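Structures incoming, each one as structure tokens.
In what comes next, subunit A is part of two complexes: it sits with subunit B in the first one and with subunit C in the second one.
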Partner chain A sequence: MIATVLKLIARRLLAAIPILLVVSALLFCVLRLLPVDPAAMSLPPTATIEEIDAKRREMGLDRPLPQQYLIWLTDALHGDFGRSIQFGREAGSMVWATLPVTIELAGAAMALAAILGVGGGLLLFHVRGTLFEPVADLLSILLLSIPEFLWGLILLFIFGVVLHLLPFTGQVAPGLPLPHITGFLLLDSLLIGRFDVFLSACQHLILPAFALGLAFSPTIMRVLRSSLFDVYHEDYIQQARLRGLSEGRILLGHALKNAALPTLTLAGVQFGILFSGTLLVEVIYSYPGMGNLMVDAVRNADLPLLQTIGLTYCIVVLVINTVVDSLYVVLNPKLRVR
Partner chain B sequence: MAGPISRSLCSVRVLIALGMIICIGCCAVFAGWIAPHDPGDQNLLSILTPPAWAEGGDPTYPLGTDSLGRCVLSRLIYGARTAMLVAVFASFGAMIIGSILAHISGYFGGAVDWIIGRMVDVWMSFPPVILSLILMVGLGVGLGKVILAIVLVDWTRFCRVLRSEVLIVTRHDYVAAARLLGFTHWQTIVREVLPATLPLLITLLSLEMAIAVVVEAILSFVGLGVGSDQPAWGQMIADARQYVYQSPWNLLLPILAIFLTVTSFNLLGDGLRRTLDVRLAETGR
Partner chain C sequence: MVFKLQRRSFLQLALGTAATVGTSARIASAAANDAVTIGWPNDVPSWDPNQRFTPDAQPVFKAVFDQPLDQDQHLKLIPHLIKSWNLAADGLSMAVELRDDVTFHNGDKMTTEDFRYTFFERIKSGIKLDTANSWKKVQDIVIESPTKATMKFDSPAPTAPQWMAFLGSYIVPKKYIESQGLDNFLKNPVGTGPYKLAEYELNSRIVLERNDKYWGPKAKIGRVTIQIIKDPSARVAAIQSGQVDCTLNVPVREVERFNKEAGFAAEINPITRVILLNVRADLAFADKNVRLAAHHAIDKTALSKAFYGGAAVPLSVLATPGTPGYLTDFSFKYDPELAKQLLAKSNFSPANPVKIGLAATNGQFPSDYDIARAIVQMWKQVGIDADLQVIEYAKYFELNRGGKLPEATLYSWDNATGDPEIFSGYQLNPKMPFSPWKDEDIGQKVLGLFSVADYDKRIAGYRDLERYAVENGATMPLLQSVLTIVRKRNLKYTKYDNGWLLPQTLQWT
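On to the complex of A and B.
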């Protein structure tokens, strides 16, 4: 079973490689259209025109665009993504250091979104046909209208500024050590046995994760409800009812299992969007992840860094979508190829 | 189309949403008359004053002032102009590109369909926020650039959804009949296919307006939006965030403005979907 899943995922990831190549080429072209000169930017302001020209030749900027792309691609395949212009450090290793932070945040947010979404979806379905239905329905549309960055600000305001309940800047309280073993702070703090760091990291994670989770749960809610509606038209629900099963057991034992599939597909697509949604939440909470790094790179027109981060986001989203697609095939017996 | 339109006007959701959108639209159009001050006018003698009803409020600034002593109410009203301009032009632009490609793709099929489909695939593998940020770096700030960036990112939403609808409609007998009657491809698409996909198109358009408002706010928040000379809600939020302890209202008011605008577009989209979609209307959901 696991072998087939892995084989499926591997096959689909291979199929995603052409897309990735086109994406990286597009990214390259868009960023080269910028009216900034990376050569001039990487030299001190006192550099002469000749020095800048020499640097341009050294960086390969005098060659035609396709050739520049090929140089970049060859380097990238060898793990060299160039140096960040503003920090002077390797772009690849900078992204590599911030990626776990963002993955941790996205994972926590997705778990919350799933819990809130499934709970809310069941609740929405439960009140069908009652007086509460229009109210719940309207509420779900209102929730749908609050994007993650507004949730981020609202939660920051309520729990951080007014109630002083939770911290809202950074990843841990100032003064605490930031262990670096795997890059995943929650894991690392446990590995070095510092529970105070772990606790502080959890506290700092709550608001950003809830901001993202709350923003993405309404879609899951609504899809789960409508797939539950579809499932309830099926004969086996009637039959279960005739067998005398309680409504609760029909809902949780029979209907939910079948309604889970479309919901899962959607959750996968949502996870891709959620992952890029971390960007704003990180900016709002000064969370030291990839999103913050990207906004920094954007503000300083740091091309190599920007390119690496943009590509990383695309790769992660592509991988997530591929894995979810494969899971969908595995979980849906109708699609299984024998 | 008289039936569906009058039906949708009977829907409470659509009416409420339209009412709200008209109010915001009026603010946008008549900003020059409604706003008590010029949105750029600075009064450095009274910075960060609270709204008029709160303690220390100044009645000349009904909703207080920001960190540069600019009138918050006026900036909110002018911000509505920015948001509505982006919402209307960006969503129409995305709709035009997306629906033309969707109709070509779904109607002709074959190689054209394959190429457009792969284009959409590549485009959609960029997360929208990331793509629009990168585009804004390339394009530079400004109202027109924001609109262009949103069009370039979001045409795929229309293309993907409409294509499958066109595919279904094209298989209907009346489309084949139109071809047999001697209609050209162009005539068939415009007279037979488009009217059938129009309800979906309108619904998507309304949802896209909500998305455009959010994207504009996000870009302005990050500092890559319409530029500092033009008031925008996202910018007001970014500014107010630094002074959240001194004047929380400055943060809450633009949030509320964005929320109301996005809600009304979403409500309109949802109401239209329910009333215009024949299949949904029949099942009574």
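On to the complex of A and C.
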């Protein structure tokens, strides 16, 4: 099994090279075609038109687009993604510093979405054919129709403003330190032995993670329920019943395992969408992740930063897909035979 | 047995958690009188204060660094690190005398070496700094003693004193940067300001601790946490829930609501920022009648009432009340009938409207798009049919450079100094990238004023220019912009005419 997984990862890595090249070229072209002037943006407002023109030449913006791309690509392959126009810092290091924050948030949100999605899916399946089915259906559709940023505002209002139960700005309470070891705050707080920081970080993570998780859980619920419906038409379910197994054991011990595979595929796709959904949620909750940084980059037409963030999103999605496919191989014996 | 162990572990964990929370709460409570948390809309671009001109970051920089000169609440230039200054009559040099009792946070004494390094050596060394542009006229800084120096300019620099208290002009430590390197300086910035930077997290928070060895008045509050909250609704929620003690730039309607709530105080403060229509001198606006009609048709008082609770002062010139360039004896009146008459002279009417374009940002400053929509309606009443298009602020300069802006563009311009050069001088200078108005007549007048060293003569020149520009339809000033502040009622601050909310002026009562 390990050999199959390793082969799959190797194949994916090879396939990732042309994908990344195409995506980076597309990103580069699209960003350069925007009617923004990086030269003017990189100079103070007092700069004259002549100074802006000189800056444009210095930045190589007067050269043909393919030549500009080749220069960028060569630098990128050497780890130099350019300097942020707005912050004046290396774009790569800025993204690297904010990426763990977003991964932590997206990971927590995905875990919540999975728990709520699987729990909800089982509940939806359980109430099939009863009077509760239309109500449960309606609720799941209602959940499905609320986007993550709206969840963000609703949760912030209820639990932050009205009930005063949870904090909603930043990663930890003012006065507590932010350790920097791995970049993953929950882990770092434990590594330095600060349980108070860990607790505060958890409290600050709850609302944004729920805002993202709640938006994505209904899809998992509904796909799981559909998969369970399909699985329950299989012969082995009838055989299990004939063997006298309880409905609970049939559901959890047999049907769920098989219904989980399409749900896992969906969860992989959803994680990519969820990751990009962090953008607005991070802004609402002042969470210092990559989404928040991207908002700054867009606002300031910070092309080097936008390019680096865009490419990072692409890499994250490729990694997620590889992980999901590997899990698929682990969970599905048929794939291992091939 | 297993259950008992798990239960015991659980109880230990729960009690530990409760104790930690309780302790944290007590610490927070004990520190409350000497600490404040501010909800701030934007992060600083960098901890090199010379690097990037970002108006919103200036109050944060002013907490950690000092400027050679400062401004009082009403923007009058006052001594700061510089005790005295003397701009030569020809504007080609400026002698300065620094205080001799100032030390950087690391204990190094601040001298004219640091002054020369900040305003000359760093700039000439090729480091990418925005101050390289504002101080490009500096030819040399001659050091006469540790406290005395003379700046030499290659051409007249009449606004050099104003720029000493403006964007990016903060003295940085030469010895520290040269010995530690720029990267270390950016990680551990050292200034001479009333606060030291204790902690910084990009796009999250800035923690400042009082500099107890500060040469000037000590800050009243020991620890200031600046929480970066970019979303206006989240800032409202943060102050409402008590997660911050003070915040700014909240929607105007929230100010009225907070004023009715016990424990809060909220203000709408007019500031030195103007909202205007930048116009072209060609296309349909080549016709002066059309330009003037467009201006006469705008009811600025109605715009102020509708979008700024009436607090934004309607403007007739490109200057705000109380600043040197403001004209109290000149008013460009709202007169839709006159607008119709002017349009009729050019054969336009509501039945046969003149077609123009209006560009506006959406969300760049409060109610920008709504103001633009209201103007379109006002214009429609008199016979101007405007096609409204939304542009990104970042695209403004590119569109202007390529001559692609429409006849009018809604724009906002900030000038913390209040000096008319930085209002109408920059806005109407054809060599600068702000205004789409490209006209020899006004262009020559503006460029001439950039070299006038005599203060009174310069101000008089700008006052004439402002009237002339508006009467000729070269610009359409609309409103003085406002800054909204919501705070806990027992938190006081010093109000500045330019909208600065300085952490060192905060105090609990």
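By our rule, the second predicted complex is superposed on the first by the 321 of 338 C-alpha atoms of A that agree within 3 Å, B and C clash if a C-alpha of one lies under 4 Å from a C-alpha of the other, contacts with A are read in each partner's own complex, and residues count from 1 in each chain.
We take it that a residue touches a chain if its C-beta (ideal position, glycine included) is under 8 Å from a C-beta of that chain, and two chains touch if they have at least 3 such contacts.
None of these values were measured; they are calculated from a predicted model.
Of the two partner chains placed around the shared chain by superposition, subunit C is the only one that A:285 touches, whereas subunit B remains out of contact. By the touch criterion defined above, A:236 lies against neither subunit B nor subunit C after alignment on the C-alpha atoms of chain A. When both complexes are overlaid on chain A, the residue A:19 reaches subunit B alone and has no touch with subunit C.
Once the two complexes are laid over each other on the shared chain, residue contacts for A:310 go to subunit B alone; subunit C is not touched. Of the two partner chains placed around the shared chain by superposition, subunit B and subunit C are both touched by A:153.
Once both structures are placed on chain A, subunit A residues 34-35, 153, 156-157, 161, 283-284, 295, 299, 301 are touched by subunit B and, in the other complex, by subunit C. Per the touch definition, subunit B reaches subunit A in the complex via residues 121-122, 125-130, 133-138, 140, 210, 214, 217-218, 221-224, 237, 241, 244-245, 248, 251-252, 255, 258-259, 262-263, 266-267, 270, 285.
Across the complex, subunit A meets subunit B through its residues 19-20, 22-23, 26-27, 30-31, 33-35, 141-142, 144-147, 149-150, 153-154, 156-157, 161-162, 226, 229, 272-273, 275-277, 279-280, 283-284, 294-295, 298-299, 301, 306, 310, 313-314, 317-318, 321.
If you check the complex, the residues on subunit A that touch subunit C are 34-37, 40-52, 86-89, 94, 97-98, 153, 156-157, 160-161, 164, 167-171, 173-178, 195-196, 199-200, 283-288, 292-293, 295-296, 299-301.
On subunit C, the positions that touch subunit A within their shared complex are 16-17, 20-21, 23-24, 27-28, 31, 35, 37, 39, 43, 45-46, 48, 51-53, 128, 130, 133-134, 167-168, 186, 199, 201-205, 207, 223, 225, 227-231, 233-234, 237-238, 240-244, 392-395, 397-399, 401, 404, 426, 431-434.
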